[in-house]
Amino acid sequence: MLTASVSAQPANTSSADTTAQMQAIPPAPPVNVSAKDRPNDNGTGIVVKWDASPDDGAGRNNVVMYKVYRSLKPDAPFKDWVLRGQVPFGKRQYTYDDVGARDKDSKDYFPKGVDVYYRVAAVAADTFSVSGNSNAAVASDEWYNTTRTTVLVFVLVFFGFTLYFINVAKKGKTLYVRPLAGIEAVDEAIGRATEMGKPILYILGLGSASDIATIASFSVLGRVAKKVAEYQTPILVPCYDPIVLTVAEETVKTGYSDAGRPDDYKDDSVYFVTQSQFAYVAAVNGTMLRERPATNIYLGKFYAESLLLAETGAVTGSIQISGTDEIAQLPFFVVACDYTLIGEELYAASVYLNREPILMGTLKAQDYYKAFVIGVIALGLIGRMFAPDLLQAIFNIH
Amino acid sequence: MGLTEILWQGLGVFFTLAVLSFLYKDNPFYKFAEHVVVGVSAGYFVIILYYTSLRPSLFDKLFLENTWTPTTGHLHYLIPLVLGILMWTRFSKKWSWVSRYSIALYIGIATGVSIPLEMKNRVIEQVRGTVLLTDFAWSKTGMLGLPAGLWDVVLIILVVCALIYFYFSKEHKGWFGGVAKVGIYTLMIGFGASFGLTVMARLSLFIDRVQFVNNWVSLVISKL
Amino acid sequence: MRRQIPLLLVFVSGVFMVIQYFVPSAFAERAYEFLIDWTIIIGIFALALGIWSLVRVSYNKIRTGHPDAMYSAITLAGLGLMIFFGFEFPGVSYKEAMRVTQAKDYIQSEFSGARDAAARRVFLPESETLSLRPDSIKTILTMAADSVAHWVDIFKTSHWFSGADLEGTNLAAIMTTTEQFKSISSQYTSVSPSDSMALAGLAGRVSEVSQQGIAAVDSLKNLSDVYPLTGGLENYWFIHFFDDVMIPIQATMFSLLAFFIASAAYRAFRARSLLSTVLLLAAFIVMARLLPMGPVTIGANKLTQWILLVPNLAAKRAIVIGVGLGIVATSLKVVLGIERSYMGRD
Amino acid sequence: MEQGRAQSKNKTFSEMLMSMDRRWVFLVLGIVTVGALLSKFTIKQSVTPEVRDIYNFVENLKPSDNLLVAIDYDPNAKAELHPMAYAILEQAMARKIHVITLTLSQNGAGLADQAVRDVVDSVATYDGFRPEYGKDYVFLGYRPYYALVILGMGQNFRIPFPKDYFGNVLDSLPMMKRVQNYDQIAGVIDITGSNVADAWIANANGRYGVKVALGLTGVSGADYYPYFQSRQIFGLMVGMKGAAEYETLTHNPGPAMEAMGVQTFAHIVIILFILIGNVGYFLDRRAQNKRARQL
């Protein structure tokens, strides 16, 4: 056990009464220091455990914190031990995750697959004492993260529901689906645009093609393009993200060819504006006032600019159908637009428009899964009384 | 503040007023500001993405600094380079279908990541919040003078009602319809409140613009 | 060939990404980072298609004598000038330009610490108050962005626990990853074995960029002087076009919301049905907190707390669960190839 | 929702109220906001109990009591939180209460130092005496690892702060001689925009039982009301409105009251327009029902 006491008080300590209890006697060191590989990681972590020093809270010289040191050689002089972390006092048993970096050239590289030793110092006001060496431990990475089992279960149950209801739908069992005002308005709105001979403005939002809300919006765009081709109504699709531009072009062309009019597709109907939020909105607002579209459809990811679009659209007197999964923007769409698809309804829109049995099956699966989630909440609340730590473990995902 | 600085800021003030004129009606000043910012911002992003993403994460890995001699060890970065160039097949009508390979990978990776991640971040996290974090403290005085535990129970009931509102495959009639109605009313109260909350933040945006113009005007007056 | 293989590619890459989530091993982690880099790179190449579309549409308007032809010319001029000023000319090497810009105004200012550029370590003086002055932050960020591995380490030469520590404390390592400029906030993570609160202020200060709302526009602007943009980005015209053209227009577009919130409230908050009355009342109560009407305001304040912590929270929770299920369902449909409209038809 | 854009002559009064051209809304809101802003218009805020409790607490302190004010924010949260710090420091120093200030935000030392100096100057000019460093107020500066600092002060201020911001040993400051740990501190007021607030609640109030009050930014403030209800904190100021309420209580109008003056006026305008819209709507519907009954 190595003790070193270096007094912090400069020689000229003035009045004694307030600093009397600052003895130089070091606190007792922590005990039972042990180390083992950190589970569920990429081989760059060791978990260090130790019991509190007898001076922690009760003893002569209160411990304020513990410092964890690491070395590759057990008998290295103390100055070669590397400080890895600090933990405040106040518990009976302590644990510290010593985590480093994966690639070799980084400063904080954690040596993988070699014996590593630990010492823990109990530190008081200005003295400290260091424990003996821990056992040797080796960091290694694992092939399955056990803490993510809960996610695996939730995903597999969802997968199971979806497969089951797709088969049910394939056997031709008709599935009831409640009416969705926003979607029924799409056909009516396109008809209105045709009568007025005005274009339809379709905005896919500020998301990139990797945002699932944008992907859901593509499927609606495909259906709208097919109808627009049949009714010979112009369509305008100003895009914010270059990849969304390419995929939107592809989707609208498909809609026109589905309606048997591939050559009616005009090149400039799907066009790129810019990748900056408010410059994009300035341009789209300008287009709204000049082209006076009869119908504006906003489906996808929207941020602070949602109200700018919706309120300008309201001035031009067009029917506005909106839908997003950005919860912060839903209030503005609900207030300013005629119809709003709230969160999950945006994702159900493609099912409503295609009405293919398989898609209806996936929607049915989603509903049953909601019942499953409500069941889990109920079970969790009851389970909390009987096995709280099991519940903690289930939801401790990292 | 030199004269040129004042002139440049004056340009900023001009554009501020040009955009505010949109409130009255569409006019040449707004059209000018709109078309300028579209061009300038598009150009800005070309430069920013080139310097901050394309060079560091691709060119610097493939080629030694500022020379065309290829580095070793990063050859697997040739794949994204090829996929990126495949996107350019869209310039030609005939070969544009080749770009589907890049788009396929782009969307495949994005959707694949979302399945477990969104299940955890959105669904499991909310269930955890509802199950673990509500402490049903009946003794503690909660909001509106009623016990805190009561509001935890009300919260869970409202979450279930709102979830039921989103049911697609069941007729919203009878008791089921009633529960769904409670759900939609919860949503509407929530939307109304968040609308009201943002009024203050949006007003201060306009206040900042007024101060920007005001500072410039008083600066010019003081210089005259 | 034109659709089957791409759809197969979607399936394979999708399934791999699902499995990779459950495998913590170093290999899976490297593969994940590499694939995410792919999507960023593909996105940037696609930008050329976007710019081409913008140029083509503007040019067509000019060619066909569209009434707004003059304005389309202005857009093309803005685009051309910005790219012209932004690109540095050959000769000045990219790395050299970076060092020149950084050396110019960041290092000379009174940064009193020592810089060990080779080992990418910064030693800060043992000042009683470790309050990092702005120029120290700039130096640290510059070194991190300058290095190939994007690491820099902050060492403090002695610890406030006198006597207890023999070697400088490794306070934190500031790491920058080259993500898209848009998500710059995630670029600066403070990663450190010991408590990272020491420099969280540093990371926190830059992370506001990702919060939409007021900070978004302003911090994008003042960030450009902290983040060591390189090359032509220090060009006089490029900076002024950014500061005096882009920022004022974007900030003022953003501020229009103050008026539109008022007109939307006037137009839409009508007690037509019980539902719209409830919506109106909730907004009314929250706004009433600010009225100078004594007991009414205090009552409104209490009610607002209740609305925010019970109905609003319940609504948010239900929507988030619903959206989560919607996302997983849609992703599953895309990976399994059930949803394929985005792929187009051959 | 047909938007009545055409301005037809024979609009009934209710129709006029109900579907006024929205540009009137813009005009009135614009004039009111610009007018209130340029005329530095301030309104007395109606004060909520959670802010009044902090004011009463400081008001009831005796001159020899020690008040710990933690200025734990950095420049980007300054707009909302600086007015709170100034108002509290001024109230305490003017009443000769011993004020200990420190900061746990790593970019906050400069801000805290500036706030303390400004308040000392304003107390000297308005209250006729100049508070003396070391006797009336002390500034301890910044320390990393905020959790450890709060815990350390529970045992002894000298553990995390052997010296103050200017390098004086703590014991050389008369005011600090009798202060060992939280037992000699009447209360802590933490002003922050970060989760340092949680550490003050858990480590200071939770473990050592010292009274803690919070001053928070508007964004993070909403989630801390439950702590006020459960008495873990004895007071709570949130955002620009909280700061304006405190300025109202201490009768020295400052930046917060000005900012809130404009906001309050603009909110009144918006609420009036909503009422006008609804009055018009009801009059119109009643007129229609009457006409329907006559047919």
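By written order: A, B, C and D. Residues from 1 in each chain.
Just so we're on the same page, contacts are C-beta pairs under 8 Å (C-beta built on N, C-alpha and C of every residue); 3 or more make two chains touch, one makes a residue touch a chain.
From a predicted model like this one, the values you see are computed outputs, not experimental measurements.
**Student:** For the interfaces A-B and A-D, which has the higher count of C-beta pairs in contact?
**Tutor:** Here the pair linked by more C-beta pairs in contact is A-B.
**Student:** How many angstrom between the C-alpha centroids of chain B and chain A?
**Tutor:** Chain centroid spacing, chain A to chain B, equals 14 Å.
**Student:** Let me have the rounded angstrom distance from the C-alpha centre of chain A over to the C-alpha centre of chain D, please.
**Tutor:** About 32 Å separates the centre of chain A from that of chain D.
**Student:** Between chain B and chain D, what is the gap in Å from one C-alpha centre to the other?
**Tutor:** 29
**Student:** Can you compute the centre-to-centre distance for chain B and chain C, using the mean CA position of each chain? Integer Å is fine.
**Tutor:** 9
**Student:** Would you mind listing the residues of chain D that make contact with two or more other chains?
**Tutor:** Correct list: 1, 3, 22, 26, 30, 33, 145, 147-148, 162, 225-226, 263, 266-267, 270.
**Student:** Please set out, as single numbers or ranges, the residues of chain A touching at least two other chains.
**Tutor:** 8, 86, 148, 151-152, 155, 158, 209-210, 212, 215, 243, 246-247, 250, 273-276, 278-279, 282, 290, 314, 328, 330, 332, 334-335, 342-344, 348, 363, 366, 370, 373
**Student:** If you look at chain B, which of its residues touch at least two other chains?
**Tutor:** 19, 22-23, 31, 33-35, 37-38, 40-42, 44-45, 87, 90, 100, 103, 106-107, 109-111, 114-116, 118-119, 123, 127, 130, 143, 159, 163, 166, 187-188, 191-192, 194-195, 198-201, 203-204, 206, in rising order.
**Student:** Touch graph across the chains, line, ring, star, complete or other?
**Tutor:** Here the contact pattern is complete, since every chain touches every other one.
**Student:** With touch defined as at the start, can you tell me which chain D residues reach chain C in the complex?
**Tutor:** 1, 3, 18, 20, 22, 25-26, 29-30, 33, 43-49, 74-76, 105-110, 141-148, 160, 162-163, 165, 167, 194, 222, 225-226, 241, 260, 263-264, 266-271, 273-274, 276-278, 281-282
**Student:** Can you list the chain C residues touching chain A in their complex?
**Tutor:** So the residues of chain C touching chain A come out as 18, 21-26, 28-30, 39, 42-43, 46-51, 53-54, 56-57, 60, 68, 119-121, 149, 151, 153, 161-167, 169-170, 173, 191-195, 212-213, 216-217, 246, 249-251, 253-254, 256-257, 260-261, 263-265, 267-269, 279, 316, 319-323, 325-334, 338-339, 341-345.
**Student:** Can you name the residues of chain B that touch chain C in the complex?
**Tutor:** Interface residues on the chain B side: 8-9, 11-13, 15-16, 18-20, 22-23, 31-58, 60, 65-66, 76-77, 79-81, 83-85, 87-88, 90-91, 97, 100-119, 121-123, 126-127, 129-130, 143-144, 151, 154-155, 158-159, 161-163, 165-166, 183-206, 208-209, 212.
**Student:** What does chain B use to touch chain A in their complex?
**Tutor:** 19, 22, 25-26, 30-31, 33-35, 37-38, 40-42, 44-45, 87, 90, 99-100, 103, 106-107, 109-111, 114-116, 118-120, 123-124, 127-128, 130-132, 156, 159-160, 163-164, 166-172, 187-188, 191-192, 194-195, 198
**Student:** Give every residue of chain A touching chain C within the complex, in rising order.
**Tutor:** For chain A paired with chain C, touching residues are 4-8, 40-44, 67, 78-79, 82-86, 98-103, 105-108, 112, 121, 123, 126-128, 141-145, 148, 151-152, 155, 158-159, 162, 208-210, 212-213, 215-216, 218-219, 222, 239, 241-243, 245-247, 250-251, 253-254, 257-258, 267-268, 271-279, 281-282, 290, 303-304, 307-308, 310-312, 314, 325, 327-328, 330, 332, 334-336, 342-344, 346-348, 350, 358-359, 362-363, 365-366, 369-370, 373.
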